[in-house]
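In the two complexes below, subunit A is the common chain; its partner is subunit B in one and subunit C in the other.
Moving on to the complex of A and B:
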């Protein structure tokens, strides 16, 4: 891995103050990301992926939320930064793509203008230059006849096209880091692949780093260099994509992998599921938060929380008292 | 050159991306009739003293309680004043009260509502709490109480009192409308593109709130005109002999049996004006309604 770290997250916690007490949505997460790398953050619904992404963005509200630890974004500290300080980073250092392209575009503004605006305000471009650049961006994200689409309203475009527009808007100020929070959840499968491939191509051509937040391991399998597996707000396993898929040690990772449908399994095979539900973050137990749902859980799991420990592979960490044997056959997707 | 499959290539949209044509339902003739009627009323109100109308205060004792005729289109009242002239001059007071009160009401309520909905936090909590406390007190009672004691009454005072009384309601509607927009991802998206608060309020929020704002202004004006009528009925509007639609109806009450025209025409003028305003407001709201297309 190159020594240049674009994003360094250290001991990051995000705690919401609720009427029932503090809710640790993200608890003590550390990872880093080099330039031109793609990091996948995976986990079930409610595992804290989106909260993590929004905390890295500096988007947590200032009231009722406590963020501790450190997020260094290209040398700038995000934790504790004021909105004015963040505003200087937003767009140029880091940009974000949201889950639902239906709501992430202003319905009463022509899509071209939504890209224009950013260029004119942030880059100080003239109206004409901004328009030319916006059309260029539309072309870059693979929108056919961009001059015509420039004048379209979001409601006139399909979901896939809208997500392309959202990506174009995010790319307007050439950010160094692109955070994609479940960018394909609102789209159907064929469009999903197109959008993910597009992100991949753009990452290469624009030398960006990408953080891809998803619950779908199939999405991250071929497009990320690193994976962080989250459960109940904590990292339970992380490492290079290869290691996580081939040598995963944490039973939760395996359960996640097994609950992805495989094209090689015979038809009418029942899809494996993880029994039970994610834990209530308000009532976390002393032990491993996955223990109640884990087939390998022992008494120790229920009483003592495992910390991340290293494996033979560099950068590959897991948190489990009863890790799976690492010579397991790789799970293929 | 003929197409191989008899298909127009323009029809085939690449990548399976669907395009929806830009189409809008026309506003319809009734809408334009209503707009015309409002415009006519406004012209009458603005140019009342230029138009060939009789003096609305001139008392012609030869024609008392006269029925409509060519000479007096709407007839005359119990003091021999021309009802048509009084209805036209009366529209001045009524429309001015409606528009004026809404300028005050929206001038305060709308910016405050948008700001608190966008900013949230303590500021929102304090302002909203105050507004709800005020809202809990019946506005009409407060209006009547203030106008009873704040004498001598004139149009300006009526406008100020009604305008201020309408602030909490306007605040609440605009805040709710803004709130539903401000929580959408595109506002966060604009923010993380580095847009300033002012830019987000004017470029992202305002255009989305505008349809509700416009139709609510129109309906608000209509409500204030009715309210002015109600106040006039209680003798709390402008002092006679100045005509307003409300106090004309009030005066007609006493001579309803002898001269029904006197009550009919100002009522009709008010009714049609309000109907037009409400219809325009309603039609505009549905016209601007952005249809969320679900795939």
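Moving on to the complex of A and C:
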């Protein structure tokens, strides 16, 4: 099935009109995703990963936002689609899980009814059928005594349980693509492991594709087949998970990997740091956005933006004028 | 070994009354020696933050003693308590909300000095400039700016400068890097290590991130539902956890390495409510090794190796790990 592309994103830009001028939150991104594949989008806060996910979902407001490029979702064009057209795709083609399960559930509505709602509105099910299906879904996402939980309010459930409810709602109409925006941020590690395992199992059993948006490299390392690394609204490196972790060429990818503490390294290991902080998107320069923080930056980096460039490994691309060699020893960044 | 700097014995913190009371911290004891960093890890709701706050008497301990430099902090009142607090300072999780957005950075850092009127005039300004440059904020450029003009990482630097103004012995860091991006987190952790060496600080580092805690700590204590289940030197505890909960917690932590094995055994269920904790061992409801003894008898912390204590009737041995 790998030849079939479920999602094709081409030259996608999302620009917000602000009082201080246009803000390019997503600046020209292309990638594709096959059926039954999991893609990880990683980056720090403000790198545009959530805006990218919301744009693919067609959730950007119609005013003050300019979206150009193309997002082909199972043959349907999302960019420029009206809300009515999007409504036909939401649920059955694409569904989204948001970070905070408390704010994405209605606190004064029983959770069962929130799952029912989707089924009744989108699938035209009767109240009785919807209830039966909702209980099935609750069981599918591993909620104990689903009949009882069906009548619970979100506030009566723990964070992990709420996230399971959100997943059940997203899966109600069997979407082909599931966008998960930081699905486990804010959950405890043991609960995070449960939710990630659940998403993995569901992906396999329901033949979905999953886009996992996260800032946590640990989350994407073992759960995805492909990774897109974002910095200041652009893709700086993408490729198979293995290539990106083992043979990254872009200095930012390495810096990101090296600055997170490892559980396997001895205590008091000095961490590699990236000096400075991410750029202001309103004041992007001509050159590479990472140049001001990069140890390898040259004049060319500051003047001319590098485009994504292919490597020997298929699908592995990077945007850098002074890429790291595979075997180069780690240099303090 | 010498006398510990901080000696906590049977600390209990209870919220509420009667039927609705919750023991967020249910009788814990630990020591922190001068110059070391003790990490305190656990999942949300285990009582780790409450422990930190009880040491500072931000929340009142219901029982137990907290001996700091030989005096019991729980018995202090008024001015004596305020004086003791100058030698134990706290850094909070959310750097932005722990600074007043409408005050200038140099005034925020000088606040503790002004409160105590210990130094004035040029000397005060000198101390403030020195503290700001120590944490990597240029006092010339940024000293007169308002706290609201800074990013999360910079605000955390300012918080650190403020906490060091009174030259404390003990610094309690409550989830101080959890709200920061990894690249900023690494900067702050390195800064903390440098300042610890320079000022001879002793740290209680409270966090949920296991990798971060290991990185900064000499010893680590693991909490579950208001109790400490294991304490040991960081490397030993991470390499050879003796409490089943520690083992599961470490197993669930994700390593940024595609070749790391996906741990088959994931801890099932969720922590029980602290309002109605299980009898005996508090972890027994989720523990695959639990027996009747665990339900009837509460395991106490006992030493299984020098410096390595565990509260479990059936600690994991080297072979069963």
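As a working rule, the second predicted complex is superposed on the first by the 322 of 333 C-alpha atoms of A that agree within 3 Å, B and C clash if a C-alpha of one lies under 4 Å from a C-alpha of the other, contacts with A are read in each partner's own complex, and residues count from 1 in each chain.
FYI, a contact is a pair of C-beta atoms (placed from the backbone, for glycine too) under 8 Å apart; a residue touches a chain by one contact, two chains touch by 3 or more.
Because the structure is a prediction, the values reported are computed rather than measured.
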{"item": "Contacts of A:88 with subunit B and subunit C, given as first, second, both or neither", "value": "first"}
{"item": "First (subunit B), second (subunit C), both or neither touched by A:45", "value": "second"}
{"item": "Touching partner for A:174 - first (subunit B), second (subunit C), both, neither", "value": "neither"}
{"item": "First (subunit B), second (subunit C), both or neither touched by A:18", "value": "neither"}
{"item": "First, second, both or neither for A:158, with subunit B first and subunit C second", "value": "both"}
{"item": "Contacts of A:219 with subunit B and subunit C, given as first, second, both or neither", "value": "second"}
{"item": "Partner chain(s) touched by A:68 [first = subunit B, second = subunit C, both, neither]", "value": "neither"}
{"item": "Partner chain(s) touched by A:190 [first = subunit B, second = subunit C, both, neither]", "value": "both"}
{"item": "Contacts on subunit A seen with subunit B and repeated with subunit C across the two complexes", "value": "158-161, 188, 190, 194"}
{"item": "Subunit A-facing residues of subunit C, complex", "value": "43-44, 151, 153, 181-187, 189-190, 193, 208-212, 214-218, 234-235, 238, 248-258, 260, 262-263, 266-268, 270"}
{"item": "Partner subunit C, residues of subunit A touching it in the complex", "value": "44-45, 158-161, 188-194, 196-197, 215-219, 221-222, 241-242, 245-246, 255-257, 259-275, 277"}
{"item": "Footprint of subunit B on subunit A - complex, ascending", "value": "57, 59, 61-63, 87-88, 90-92, 94-96, 98-100, 102-109, 117-118, 121-122, 142, 144, 152-153, 155-161, 166, 169-170, 172-173, 188, 190, 194"}
{"item": "Subunit B - residues contacting subunit A, complex", "value": "13-22, 120-122, 184-186, 188-196, 199, 203-204, 207-208, 290-295"}
